[in-house]
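Just below sit the structures, each encoded as structure tokens.
Next come two complexes built around chain A: one with chain B, the other with chain C.
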Partner chain A sequence: MAEQRMGFFTDTTVCIGCKACEVACKEWNDVPDDGFVFRATSYDNTGSLGASTWRHVAFVEQDGRWLMMSDVCKHCTHAACLDVCPTGALFRTEFDTVVVQPDVCNGCGYCVPACPYGVIDRREDDGRAWKCTLCYDRLRGGMEPACAKACPTKSIQFGPLDELRERAQERVERLHAEGMTDARLYGESPDNGVGGTGAFFLLMDEPETYGLPPDPVVTTRDLPAMWRWAGGAALALAAGVAVCFAGRKP
Partner chain B sequence: MPKGQGEVVPEAPFRSYYGQPVVKQPIWHEPHMPTYLYLGGMSGAASAMAAVARLTGHERLELAARTAAFAGGTAGAAFLVAELGRPMRFLNMLRVFKPSSPMSVGSWTLAAQGGLTSVAMGSAVTGVLPVVGDAATLASGLSGVAMATYTAVLLADTAVPAWHEAMRELPFLFAGSALASAGAAVMLTTPRALAGPARAAAVAGAVTEVVAGEVMERRLGMLGEPYRKGRAGTLMRASRALTLGGGLLATVAGRSRTLTALSGLAITAGALCTRFGVLEAGRVSARDPKYTVVPQRDRLDAGAPAHVPGR
Partner chain C sequence: MAECHPVGFQWVMEARQRGTKVFHIDPRFSRTSASVDRYLPIRAGSDIVLLGALINHVLSNGLDFREYVLAYTNAATLVNQEFRDTEDLDGLFSGYDEETGRYDPSTWAYEGDMPEEEELTEGGRHHAEAAGSDSYGARGAGASATPPSDPTLTNPRCVYQILKRHYSRYTPEMVEELCGIPPERFRELAEAVTANSGRERTTAWVYSVGWTQHSVGVQYIRAASILQLLLGNMGRPGGGIMALRGHASIQGSTDIPTLFNLLPGYIAMPHAHRHDGLDDYLEREGSDTGWWGNRRAYVVSLLKAWWGDAATEDNDYHFDYLPRLTGDHGHYSTVMGQIDGKVKGYFVVGENPAVGSANGKAQRLGLANLDWLVVRDLVTVETATFWKDAPEIETGELRTEEIGTEVFFMPAATHVEKEGTFTNTQRLLQWREKALDPPEDCRSDLWFYHHLGKRIRQRLGGDAIDRPVTELTWDYPEIGERREPDAEAVLREINGSDADGRPLASLRELKPDGSTSCGCWIYCGVYADGVNQAARRKPHTEQGPAALEWGWAWPANRRILYNRASADPDGRPWSERKKYVYWDAEQGRWVGPDVPDFEEDKAPGYVPPEGAKAQHALAGTDPFIMQSDGRGWLYVPSGLADGPLPTHYEPHESAVRNTLYGQQSNPARRTIDRAENPYNPALSPRFPYVYTTSRLTEHHTTGAMSRPLPYLAELQPEAFCEVSREMAEELGLENGGWATIVTARTAIELRVLVTGRVRPLRVNRRTVHQVIMPYHWGYGGGGVITGDVVNDLGSVVLDPNVYIQESKAGTCDVLPGRRPRGRALLDLVERYRHG
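Then we have the complex of A and B:
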């Protein structure tokens, strides 16, 4: 394990929607074409994160202002995708990021509906699940992720998570002092439903406006309760079968 | 803001990104996944019946139950493998055992169920090693009840709103449906005079399935909607009608072959409708951001945000 957890701080207030991150990610990671869709709702032509869209720039046009935000896998502290993966294809790296091993994934698809952020998806032609690796190969080579490197406004910042959290806190306070009281951090708190995210954001509106869940929770938090209910049903089933035979002579 | 059609209750206001989904829909296909859920459940409950039949000396019924358990387990496994993006890598499921993954627990359960029911069947057919066959039948009673209920955890352990929040009732819905299906399969393949316990199982299972489904939809409140609307609603209503009808018929099915056949087929069709309906309701609840955003927003507004205790 590296001593430090690495992550992203995406400050949406300085994002200009140039999509350099989307392009750099595709180039570096050799991510296939995700299809050109003219959505007729905004400048967004990738729509959402998916198997072949690992950075997604959201465009929200509001009265008097435009919100732009480069979304990415959150690299959750308690990652549902990783918890539920039956093959061990998803694993936690020495940088405390969450990565799929394509040579192990058998395409069971379970991680896809498990992610509370709708990030990971399966490529139908290739049959395996794909998502942001936080440029695991670059990190191992001592480089920063391609998207952070390419971002011309430093909207995407990469670094040790502790430092990013401090920097983000200062940034929010400064924005508040400047009268931008809408500014808020999203995902950084270790007390949230996923134990804090390794990639967190500074937003200017409610998370759902950007297509983010307002209060996500790692589904496996409730797994012990689920097994208890299922155990109860299994016992009831056994008892029920026994009762059906009771008092009946063969 | 997207509006539902024919709403009686006004839609809860919520915000979203152009009405796009927040979470991804389950990518499991039809008919593979729902058919697997049906076959696995039927096989599991049939194993439980075979084990009890063995203990109580219902030999003819035991043979029918062993057969149903074997057939369901084998066919179910084939559907599950076909569902994978990389079927050749099915065995990767068995390279680790991960208690945090219901899919992993389920793969091992299915492997046990498939193995035990194959041994039990093989021994019954060939007459070789009857003691081993009997032991496998008894053991498959245990893997069977796990098999019939783990699938509820498989669905509930996702971010799909209509599944996750149904974690309490889904196991009973599936267990009831499994019991009814196994009762139906066994009564269809056992001489009427010897099929009494199978008919009883069909009735008990049908009642449990219908009651659990009703309780679930009511308790879920807004998240019960996906089970009532559209194609999922049609499937769930068809399931209830077929299961209730089949269950009622099962009470008198001892009187004739026709009644037995009608009852068994209605229950089987009902159980299949349940699985297809639950899958579809899950999809709908994932596709419409309302079902993800509104409950989470309510939690925040109530000052009770989610957190992960003790982890």
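Then we have the complex of A and C:
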């Protein structure tokens, strides 16, 4: 990689749920609206991340507490979407982010079930797969992604992943010292099931509370083993067949 | 604040991270509530009980900042013997006239300061009739620079003792009873506010229309002012009362006003029957002491800016050219005038009263009875399309073919398509450049009025009656093919210039003799040295903490008003921690990071000579320089229509009895008793629920700037109401289903959001349910989403000082399901009115 790995640190403790990230993302990336549906689920009317919602603010109402979190593509170290893409439309950039090239994508949709977070999705009208590009074009122009730029409270922070991880660790320690023992990081560890995410979060509750999988695993993790087993099985079958034929009397 | 001012709220979040404790007091649990240390739910319309109880807590525990209070407020001033408090008259002050529903404020005056009775009676009537209370810093009539006082604060007629008695029954128990806030929560708030006030610390209050849109709106703010003065939180860093405005540059539109009763710079609009000429007007309007004592210079300079060489000393600088008031010409009386056929034409600019004003039906009936209507906006707002899609068309109350109003829709330029200033809530003017030309026929407001003015002038002849228009200075340079007037030329005119045309540097240069011109005296200096000071953008990292080189703040680029109060009477900082503007004896001047809001070289020991005028009449220890006595007014001897002290009155339509007084509601409130504006009876079992209107981050006011944008519309696509689980259960309301909300005006339907964020309150020992309704939807408006108009529910009942409607506290009934259509809707409402 020519560049440092870049990513997002989304600190939900300072998110005020203004959705500027959702709007800025759509403005910059020319993402269409996602329909006009009153969902009666707190202040969330876009539902989840999808082909036409690349930043999504979740609103979780608890007793005396209202949690807000701006979710986004995790830009995994081990990205299953990229692994399964047969056309090469999905690729890893010089910033170590994962991006779909719409002019290459053929809409096969393999990437959709491959994502352990349910992020990438196909758009009904054109069939192609879409997701957050971490504003690849802006990064190439030396600018920060639109959502981070628009965030008024610095809940969304953009930068070199190493620095973000360090900053996040300090923030968690400070929150713990202030008695907010619920504070925890999500996705920052290189030891997790996807080898760490390029976009990670500071949460105030269990990941499930925000609609995030507690222990995501890259769906292609077992592929080599599966191929080995399949290969072994094929060999065994072939051997068995050979034995059968070999055992025949002339 | 997080909900409606998310960008400004970043500073609150930053302050919190640095240890500031933030409370949020609101009927609804909003995004702000989610981001603070403590949220206190309150019954809509009960805030003066809470603020009064905080005042009582401070006074009865001796927690006031005594040195500050004695030196800088009117706490020691004696009030005349005739004054009677609400404690004596069960909720009325002395001077109330049952018949007219108005006060004669003469008995509220300071001791020995009672001017001629006729003058004060007339003054009181004037305030009540023409919302005079926000002109001239609420005037200074009836208050001299040095009224009699008792520095021991023991005389029962001194302001301090009157205040103490007035609030003695505003107790934590009363807060629980009327606001629904438990005593332990009140105690926590009271302790935090008082612990964070004094020499070392300050507390700030932030409010928006949740405090103003009441029949006692002005007194809400007054109550906060009293508390802040008692705690020494005015004129000091980290203190103050911040008014969050509802739109960009609303501050600017009061400074250079769109209000009927004001001229630029809070100068009173002359009255047709009260003022004969300039001298008479200046004599009657305002005090001779304090900075308003210079008002002749401000008024004459304004007249010179408008009529230039035609304005001379011999013709009173054409004071006679100014329009005159004859009474209330506010928004709601204008609408009633339309319904009555007295108002024939109407300009609506960047506003959408068919959706945004209280009692939408009355608004639309008025629009339908005009000869002509001009609407300037970005999209065809409901005010421009009412004739084809108003709810009254569906009910048959209006028929398109019978509406004679000729509607002219003039497409407007957006904020990025024109240049000019925004003035924000801290009085900061920031210049913005034009990014691109407006498309097609869209034009800036400046272009519109400039060219409209030119065309009108062309059509006028030489008749004397036309001269106020034909003699106006209307010579703005035009730029480019579209002949856009030069906005900077307008700013230069506002700044003012001397006889040689040189830009003035400061309002102190303004002269009463016609040798200077100035379009708005408080803005004088914004073009100092011929430089657009509002366009300065030096980053905060490259300058001092007051950031004096970012934009320009009125007056004189002062960032904290009345900052003389940040030092003690001797001119020393109250503490090192809160050091701001202080007296440097060696230099013989006030110094600090800000521009002193005081004469730079007036020593703390200055004692005014006998008979001194204007600022010279104020001592070196009088920081509130716009007041006639230089003091912060805990008690207001004149200038308010509904009493010298804030008093709790229930909203006009209340579900709760006022247990503090026999007087249920503000006795001076303005009602409009007409068939178009029926009221819910107070305490009516037909309307058992309390409602308040609100806003969401995703939308802007009536939705004209957000509903047409898919990216915003999808985030909050449908009009909804928020109700508690308990209320939903009681009424059978389903989350995601529909509810019909009914008042005496109409019934509307909204989607239902059942949420634990809304909680029933215990008030007067019974459960009170509140319904929260964002008001961003309308029937059209070029929007991709539409919905019923929440403000159609509201009545027109007004604060008597400024004529704001009481839209933040009303009563209603709620039914599950959608509303009836057509004639059946009228039948439903009719049953409620008479049932």
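Convention: the second predicted complex is superposed on the first by the 226 of 250 C-alpha atoms of A that agree within 3 Å, B and C clash if a C-alpha of one lies under 4 Å from a C-alpha of the other, contacts with A are read in each partner's own complex, and residues count from 1 in each chain.
Following the convention adopted for this analysis, contacts are C-beta pairs under 8 Å (C-beta built on N, C-alpha and C of every residue); 3 or more make two chains touch, one makes a residue touch a chain.
These figures come from a predicted structure and were not determined experimentally.
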First, second, both or neither for A:Asn45, with chain B first and chain C second: second
Partner chain(s) touched by A:His56 [first = chain B, second = chain C, both, neither]: neither
Which of chain B and chain C A:Gly109 touches, first, second, both or neither: first
Which of chain B and chain C A:Gly193 touches, first, second, both or neither: first
Touching partner for A:Lys74 - first (chain B), second (chain C), both, neither: neither
Touched partner set for A:Cys18, first chain B, second chain C, both or neither: second
Partner chain(s) touched by A:Trp229 [first = chain B, second = chain C, both, neither]: first
Chain C versus chain B, contacts on chain A by residue: B
Which superposed partner A:Val37 touches (first chain B, second chain C, both, neither): second
First (chain B), second (chain C), both or neither touched by A:Lys131: neither
Where chain A meets both chain C and chain B, residue numbers: 39, 42
Residue ranges of chain B touching chain A (in the complex, touch as defined): 14-18, 20-28, 45, 48-49, 52-53, 56-61, 83-87, 89-90, 92-93, 95-96, 98, 100-104, 106-107, 141, 145-146, 148-150, 152-154, 156-160, 164, 167-168, 170-172, 174-175, 178-179, 183, 194, 196-198, 200-201, 204-205, 208, 282, 286, 289, 292-293, 296-297, 299-300, 305-309, 311
Complex interface listing, chain A residues touching chain C: 14, 16-20, 22-23, 26-27, 32-40, 42-43, 45-46, 61, 63-68, 152-154
Touching residues on chain A, where the partner in the complex is chain B: 39, 41-42, 47-48, 58, 60, 78, 80, 83-89, 104-110, 112-124, 126-129, 191-195, 206, 208-223, 225-227, 229-238, 240-245, 248, 250
Touching residues (chain side chain C, partner chain A) in the complex: 2, 6-7, 9-10, 13, 17, 29, 31-35, 39, 696-698, 710-718, 720, 735-736, 751-757, 784-785
